[in-house]
Structure formats: structure tokens, C-alpha cells
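Chain lettering (A, B and C) follows the sequence in which the chains are written, and residue indices restart at 1 in each chain.
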Amino acid sequence: MSLNSIFQYFVPKDKKFFPLFEQAGANLIEMAKLLKESVNSTNLEIRKEISKKLEDLEHTGDNITHQIHLELGRNFITPFDREDIHALASSLDDVADFIHGASNRMELYKVEKPSQAMIEISDLILEATEHVATALYELKDLKNIRNITDSCVRINSVENKADYIFDKAVADLFEYEKDAITLIKYKEVLSAMEDATDKCEDVANVLESILVKNA
Amino acid sequence: MSLNSIFQYFVPKDKKFFPLFEQAGANLIEMAKLLKESVNSTNLEIRKEISKKLEDLEHTGDNITHQIHLELGRNFITPFDREDIHALASSLDDVADFIHGASNRMELYKVEKPSQAMIEISDLILEATEHVATALYELKDLKNIRNITDSCVRINSVENKADYIFDKAVADLFEYEKDAITLIKYKEVLSAMEDATDKCEDVANVLESILVKNA
Amino acid sequence: MSLNSIFQYFVPKDKKFFPLFEQAGANLIEMAKLLKESVNSTNLEIRKEISKKLEDLEHTGDNITHQIHLELGRNFITPFDREDIHALASSLDDVADFIHGASNRMELYKVEKPSQAMIEISDLILEATEHVATALYELKDLKNIRNITDSCVRINSVENKADYIFDKAVADLFEYEKDAITLIKYKEVLSAMEDATDKCEDVANVLESILVKNA
């Protein structure tokens, strides 16, 4: 039990952080929707535009993180430990990085036709970001710990599914793709997508760690 | 110094966590033994069976982690900071993931003949998990800090050896393997094995961090 | 607010850690200079010698980390939380690992001609280590929080640039390098170099986390 946990019973805690985390969650959902749209499109122009939009949204995410840091500098009493707010903001940044990264690699490596596995993992990324957003929304009211825990369990389950699809897709590449350079390209894009779900799991880990500290 | 450190002198701390960590350690040793058996076998059927067993043991590990989380929810006073118990459980999970992952990749990518480097790294993984289990066993009695530190030093040393063998094996692949796709397959399996020793080092880092906090 | 933060107003804190962190910073700069020299040289003998020197400097770094751990064992009152000192030392170790790792891969994989991207990223690694060293130097005097924050912002900016160059270089490899094995070799060396800047960003994250805790 930290001093923070003692204080929480009699000191009003600053509530400015929660809207920022909610914005970060909404931003990730928007990014995941765009990535899904991209891998479901065969129009290279549309994919290029989406990649540009994702870059902008990644900057939006960076700005939200920056505001969280500014609030950390301003507020003496935080709703939970300062370093956990910092860790949570960083882990959300990482999710945005890999969603944009997946799209960016498709663009840079000139992947013309997204594979079925990419489409399936993009669905899972969207699902994971929705659970992340739900958990962030519930965070402001630690009475609903169960809801946060449920979201974390669901994020872990989505990550397992993405892992499975990734493994199978790479196995298929080794079995059927005879051009090594094409194989590497597809593997790298899939890998960035799978990393995006891993990073959602990291967010869940930070959230669980916050819950156990404040239990 | 945290409040926890003050409490530890006069509050009996719950001892339920230690048997769970011991089980997690024993589970990792069993997994490492199976991986070693797998890379030493040329019988594809046996390797397939082992991969299935490793999947089951990974679930066993997940269950142990889940019980640790349940105990965290139940216990107000923990033997050390709650977030460290959480971090330790997560890092042990990661070791199990990569041991199973190495076996799984061999299976998925149809690696028919494990290389000499795989055999050597599997020995090192077993050695590392044994040191991890020793350190976890000693954790219940912080009088033996020296034993835990020694195990951590040994884990680091094993990781360095695995790193060296991995580097050399990849260099040899670049020198002698002319088929790029075969090269990538072997590199990926070796990489999962080397990651397993990296994750043992992460466990050692969490343990060292616990020691410095409670010193 | 931790007990540590309360103590800091009336307990003199041990200052032995700061010179050690300064040494670690200086060591990283020296390593980055050697890596830069190496990728700018076409003389294989010189590159071999530099790789050997980098290995020695990595050991120097390990020794500094070991001394930091010894001090952690000796000192009851630390300038900031014990686990943060540990995390900072670990993250500095990681930077050294990847700088040496990049040089080591060039050597092991027999990369004869470093690419333009390697030269550019080596410049950025040097820049990042200089900002790391500045931040570590300012750490002893938390009055200059602004200087540390500025260094962290610069490290992030350098990492972004390295990321961009890395992405472009890999895209070019996919476009122009027709030999898959050569492509993988160059990609792996570039990747170790880019990881070195990522690890500098991790150092910045630890520093920022220390600042928010002690704000």
C-alpha cells in the first residue's frame, strides 16, 4: 500500500487525466478502423491516403500523450501513481506506432495485395482497441474493477487469436511462397500487425498492474 | 523505502504466493526438458507429441499465473510490492511462451533436422530455467539474498552463452546456407530459443529489482 | 508521493550514484564514436579492431552497472527510488548491447560495404548518446529538470529520424536488392542500429518516469 492509496480516501484527485485517456482510446479505435479499411482495399491510391491519415492520427496520439505529461507536471495528487500514468500513456503510444507501422510497411514495401491473414488480424486489432477503450473508460471509476479486468482478459484472448493466425500465415508463406523477398515483405507486415495486438496486451498488463496496486 | 518495507517488520505476510512461484519454476524446467528432448530427436512424430505437451504445459503456466492474480485480489498484505508479484508472474509467462514458441515454429515451419546450435541452446535454456527455479525457491526466505543474486548472475551468464551461439549459428547460416527460405526458417527457430533465454534474463531483472527494493 | 520524496527534504542522499551514471554516459558516447568510425571505414582490419574495442567497452559498461548494484546494496537512502536506479542502469546496458551488436553483426555476417543508411544512423546514435549523457549529467541536480526534459525530447526526435531512415533503407533493399540473403544481412545490421536508438528512447522513458515521480 502506497501513501497514494492512503491519500485517496480523503484527498480529491484530479480528474483531468481520464478524458485524455478516453481520447487516446478513441484515437486507437479510429486508427484500427482505417487499417482495416486499408487491408480490405485493393485500390493503391486509397491505401496511400489511409497511410497518410494514420500518420496524422499517430501525431494526434503523441499530442494526447504530451498533454498527459503536462498534467503530470501540474498535478500534485494524481488518481493513481504518477509512474503508472506515464507507463499507461507510453503503452498506448506503442499501439498507435504499430498500427501506423503496419500500414507504412505495406506502403513502403509496395505490398500490392493484402493477404487474408492481414484482413483477419486487422479485425482483431480493431477488437483489441475497442476493449482497450472500454477499459480506459472504466478507469475513472475504480468501482467497476470487474469491467476493466474483463476487458483485459478479452484483450489477452484477442492477442492469442492474432498470434495463432500470424503463426499459421507464416507457416503458409514458408510452404507456398517460393520468392524469398516476397515472403519477407509479407512476414514483416504481418509481424507489425501482430505486434500491434501484443502492444494492446502490454496496455492490459499496465492496467492490471494499476489494479493490483490499488486493490 | 516503501510502507511495505516498514510493515514487513511487524505484519505477518501471506505465504501463499511462494508455492505458486515454485510451481511456475518447476513447470518451466519441465518445458525446457521437453524442448531439449525434441531438438535431440529426429522422429517427427515424437516432436509433434512434444509440441502438443508443451502447449498443455503453457496452459498449466497460465493457470498458475491466474491463481497468483486471484491471490493478489484476496491478500491485503503481500510479501513484497503487489506490482512486483505481477511483474514476476508476467515474466515467467514470457519464458513459457518462447519455449513453446520455439517448438511450435519447428512444427509449423516443418524444420526436419534441428541444428547443432539448437541442441546447444536447448541445453542452455534448461540450465537457465533451473537457475530461475532455484531463485524462486529462495525467494520465500529473504535471508538467502546471496543465493538469489548468484542465480541471477548465472542466468545472465547462460544468456550470454546463448547469445554467442545464436550469433555464430546465424553467421554460419549466412556463410553456408544458400537457400534463403531455409535460412529464414532456421534463423526464426533459433531466434525463439534465444528469446527464451532473454526472457529468463528478464525474470532475473525483476528478481534483482525486488531485492534492491527490499534490501 | 512516496516516503522517499518526504525523506528527500531532510535526509542527505548518497551522491555516489551520479559519477557512475556519468561514466556510463561517457562510455556510450565512446562506443557510438567507434561505431561511426567503423561504418565510415572500408578497411576490414580496422572494422575488426573496432569491433574488439566495442566488446571491451561493453564490458566496461557491465562493470559500471555492477558497481551501481553494489552501491544499491550498500546505501539505505538513495537519491531516487531504488528500482528506478536499477531500471536506469539496465536501460543503459541495453544501449551498449545494441551498439556492440550492430558492429558484431557486420563482422559476423561479413558485410563488406556499410551502406549510406548505416552511416546516417550511426550519426544519429552518436547524437542520441550525447543527449543521454547530458541528461545523466543533469540528474544530480533536479533543479534542472527542464534540461533533462529537453534531452529526452531530443532523444525522441533522433529516434524518429532513425526510424524514418531505417524504413526508407529497408524499402530500398526490397526495391533494388535482388539477392535475398544479402537483403537479410543488411536489414539485420540496420535493425540492430535502429534498436540502439530505440534503447536510447527507453532510457529517456525511464528518466521521464523518474522525473514524474519526483516532481
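The criterion applied here is as follows: contacts are C-beta pairs under 8 Å (C-beta built on N, C-alpha and C of every residue); 3 or more make two chains touch, one makes a residue touch a chain.
The model shown is predicted, which means the values in this text are computed figures rather than measured ones.
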{"item": "Same-site or different-site touching of subunit A by its copy subunit C, using the half cut", "value": "different"}
{"item": "Turning angle required so that subunit A lies on subunit B, C-alpha fit (0 to 180°, nearest 5)", "value": "120"}
{"item": "Geometric centre distance via CA averages, subunit C-subunit A, whole Å", "value": "26"}
{"item": "Multi-partner residues of subunit A (each touching 2 or more other chains)", "value": "2-3, 180, 184"}
{"item": "List of subunit A residues in touch with subunit C within their complex", "value": "2-4, 7, 69, 72-73, 76, 81-83, 85-87, 90, 104-105, 108-110, 180-181, 184-185"}
{"item": "Touching residues on subunit C, where the partner in the complex is subunit A", "value": "1-3, 167-168, 170-171, 174-175, 177-178, 180, 183-184, 187, 205, 208-209, 212-213, 215"}
